[in-house]
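Take a look at the structure set out below.
Think of it as A, B, C and D in the order they're written, each chain with its own count starting at 1.
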Amino acid sequence: MDPENYDPEGDLMILNLGPQHPSTHGVFRVKLWLDGEVCIKAVPYPGYLHRGVEKLCEKLSYVMITPIVDKNDYVSPFINELAINMAFEALNAVETPRRANYLRTLGAEMQRVGSHLLWLGTFGLDMGGALGGGASVFMHCFRERELILDCFELWTGSRFHYNTLTVGGNRHDVPAGFAELVRQTYTLIGQRADEYDAMLVDNAIFRARTKGVGTVDAKLAMELGVSGPILRASGIDWDLRRDRPYAAYNEVKLDVPVRYEGDCFARYEVRMAELRESIRIVLDLIDGIPEGPICALKPVKLPGAYKGKVGQAYAAVEGPRGELGTWVIADGTDKPYRCKIRPPSYHAVSLIPYLAPGNNVSDIVVTLGSLDPILGEVDR
Amino acid sequence: MAVDESGQAFTHPLYNVMAQLPGVSLGLTTADQLLTWGASNSLFVFPMATSCCGIEFMAAACGRFDLDQMGTIARGTPRQCDVMVIAGTITVKMAPRVKKLWDQMPEPKWAIAMGSCAISGDFYRDIYSVVPGVDTFMPVDVYVPGCPPNPDQLFAGMRRLQEKIRMRRNGEWTEPELRPETFGFKSPNLPRIGDPRREASLDEAQLDAVINLDPGGGLRRPDPKGSL
Amino acid sequence: MSVILENPWLLGAVAGFVVINAMMVTAAWSIWFERKFAGAMQNRPGPTQVGWAGLLQPVADLLKLIQKEDIVPTNADRALFNLAPPLGMILVLAGLAVFPWAPGWVPADLDIGLLFILSISSLITIPVWMAGWASNNKYALLGGMRAAAQAVSFEVPLLLSALVPIILGGSLRLGDIVAAQADGRWFALWPPGPGSVAFVLFMLASLAEANRIPFDIPEAESELVAGITTEYVGMKFGLIYLAEYLHTAVSSLLGATLFLGGWDGPGPDGIHWLLLKSFALFAGIFWVRWTLLRYRADQFMALCWRVFVPVSLACVAVAAVWRVYA
Amino acid sequence: MTVPDDVTRLLAERFGLESGDPITVSRDRVVELGGALKEAGFTYLVYVACAHYPATDAEPDRTVAEYRVRRLPVDEVAFRVWVPTGESTPTLVPVFAGCDWQEREQFDLVGTIFAGHPDLRRIMLPEDWEGHPLRRDYDIATRHHPWR
């Protein structure tokens, strides 16, 4: 339906959801044409956090880029670092040591748990409001997330924005006592995940708000390039970690959860199953990390000392939100010629014009929350 | 560089009469202190959370730290807030919105620039689309440096703000906030609010951009000749 | 003393003063209580810094709110915008006039006390809608419209479930209804069935009337920013907020009076029992609030018309049969 | 990432192109190639990315637009078109709906013009922005009155 030619039994109302709105997960603006409270048309306007990261990547040398991409998807910085460094390694055909691969896998899975916890909290906030049950879900999720941040702080020295990966391997080795801390933390989170399920899945209101809401068609999702939990909730059994293993994923047992409904509830189920799966992987990995060096290259003293080869490469990892890829063109200098980051959230957000029409404002908020967009990554 | 405010002193006739009555000044002082105590202990926050620092702000509001301890809760509407915490990078596209939300907040209001992006733009400061620090278009009371600052650093910033409110209300001179400059900060050299080098045309242009934010969105420039 | 007791005007004034002030103070500190309560549920301490255990937090909030600049949006309907918060407060407080606090302690002992309270509490929709309409804000307008739709729908189960104690007690006077429940024969417990179901329905419908989670869609923070209060500043916002708490308090008082026997209880009867019961209901409402998520507008409208109304009608029928034959 | 055999055959028989990573295709056949790949099962659009190459002695000022599509689970094909500055390349929105936002973004940042795109507006930068920031000749610290 075209808002211009819509039968005006009354006027349509234009509602600007955002850019500063409690539940747009950052600075995201959707312009809604409303008939009563039912949306007729939705036009998203991203770009309120466009920080020119890709331009900045062209101006910085390879080893200086890692802390920049930390800030893209600020909920899972480790996986950002992994994605961009894998692209540089593919470009230069650098083989990372086995221990580094294991540590990268471990860090990525630890980070995925934290990211999904934050998603669950904000999803609850979208449905329950800041002054209600949603806030309780949010606070409890953040309680566990703090424990994860503690683990990372012990490992890398920073709560987030670690700057711990580099071309060829890792910067920081895990400290003594790390394995015990991680084991305790993730065992605890595994128990708490059951409590969240008890609080949400057994709740009639949660089911009523999410079942049948925001159904994503798998064919459309693939054309739009939507990936990750959203695609898996629509019945496409595809996971980069299993289908194109990177780091140490070919040595890790991995079950990929799939749901077929494609609605918000299916996305919730997929994410919770992934959360449990990641916890299991972390607990499996933490004792079996092989000994050895953590970086294949000698650390460079000058940022410009590291020169890339000529060529282009694309490397992708499975982030918490889907396929996080980097396409890089190199011209032989110490800086990339062009560095395109393929953010999963940008593709997910492009679903909004298809999902919003016919729903009312409450459902649009829930749908947006279930897509889990991170605006730093959408706008870059 | 103390400002001479004697010409702007508050001289209400009724106040002058009342001030001479015995005991009134004592009562007024007490009432004033009470109001100051209230204002500094109930700071509702408008979270202008755009990026990473917004996550740390959320962490500060949550269990381990809990901003509610000092009576601070976050509200979604600028009308009911006293402090705007600018947590994250502000881009050229977002800046008019931030300014508008800041203008919508009722006085007395304060602003905290949380994180180096909000303070100076951090390493994005040279980027074409990033505003090099929010103090180029709005006043900032407290700077909380860090990338992102830990939640306890935000708490320290809130304490600093409380102290500042008390000192200002009591008429004590507070040092102007030192802007944490990053090393070798050269460009872009945009004059800050309160900088004498700042041109009036810049203010005018920023005001224009805020008022003409969304054409057709029901906003219009107030008619200078029209009545309220 | 006797002068006051003999003069109805003076008696009304004194009683009103006492009741209103007591309720306002209670409402203010119930906000502190709710913050501590929410903190306990969420693994955080809640207010701790302002006064002992944060007890002075409501005072600080109040002092801050009265200092704020008063903003009326440019294109707002000025008169309605300014009228809505005090009107809401007045209407909530007016309902308190007919409460039987203890045997003989009734500020205004109306024959139709229950009818008065219910009609007054349904009027509260009007200031809420006024606030939404006059703000000239789209979020507020949506909130106001939601509030109107919600209140009109939930009036029906509220009134029907309130019919049960009327039928069982045989009077519209609140004092008589309480007296009919003397000696532990509370309507929520006896006769088994209609009373207890009607009690649950009454409390749920009251939640909807007072815009509480899970029915708080007029002020849905995650969707409508702050709903009807989006444009309200300072003490006007404070009044709306306080009126909401007072409305919740009145609802729990009414629930305790109609279904839980009011001042009746083991040992000496008196106001302490009423306060204890209504406080328990009040805390229960908070518990619900900080546990549940929010329904969508059409979903709980369906809940109202498909579940609440038929069930409350059945309760009325069973109560009537009980009344005639038992 | 090697190109699968059926795509190599398809390219040789129908288009007379060499396979490679990426495949270079002329502007007038890019829509046809996209459609053929979609029929061959490449329904997943990974990304559309452009890069700017300033004028050299041999080549004029131009941009390259690279499309990457995927047949789940593993097969991947990337094909690219060269677009001289000032000219346009046909859009792939009719083939892949996801090209809508992707091409808009690349138009906004790099300045490649996609002819026939339904909604070719700026998406990241304000509507009144001048220039395309990811071009090599664009200064990173371009002033934008009044906010910087």
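Basically, a residue touches a chain if its C-beta (ideal position, glycine included) is under 8 Å from a C-beta of that chain, and two chains touch if they have at least 3 such contacts.
Everything quoted here is computed from the prediction, not taken from an experiment.
The greatest centre-to-centre distance from chain A, using averaged C-alpha positions, is reached by C. Comparing per-chain C-alpha centres with the mean over every protein C-alpha atom, the closest match is chain A. If each chain is reduced to the centroid of its CA atoms, chain C and chain D end up 61 Å from each other.
Averaged Cα coordinates give chain B a centre that lies 37 Å from the centre of chain C.
The distance from the centre of chain B to the centre of chain D, with each centre set as the mean of the Cα atoms, comes to 44 Å.
Averaging Cα coordinates per chain places chain A and chain B 32 Å apart.
Shared interface positions of chain B, defined as residues touching 2 or more other chains, are 62-64, 76, 93, 127-130.
Within chain C, the positions touching two or more other chains are listed as 42-44, 221, 225.
Within chain D, contacts with two or more other chains are made by residues 124-125, 133, 138, 140.
Pairs of chains that satisfy the touch definition comprise A-B, A-C, A-D, B-C, B-D. On the chain B side of its complex with chain D, the touching residues are 92-93, 95-96, 126-132, 136-137, 187-188, 190, 202, 205-206, 208-209.
Those residues of chain A that touch chain D in the complex are listed here as 45-47, 50, 52, 54-56, 58-59, 219-220, 222-225, 236, 238, 243-244, 312, 314, 316, 323, 325, 327, 329, 337-338, 340, 342, 346-347, 350, 379. Taken in their complex, chain B has these residues touching chain C: 34-35, 37-39, 41-42, 62-64, 66, 68-71, 75-77, 79-80, 82, 104, 106-108, 218, 222. On the chain C side of its complex with chain B, the touching residues are 35, 39, 42-50, 54, 56-57, 59-65, 67-71, 74-75, 221, 225-226, 229-234, 237. Residue ranges on chain A touching chain C, taken from their complex, read 13, 15, 21-23, 37, 124-136, 139-140, 143, 199, 203, 205-206, 208-209, 360-363, 365.
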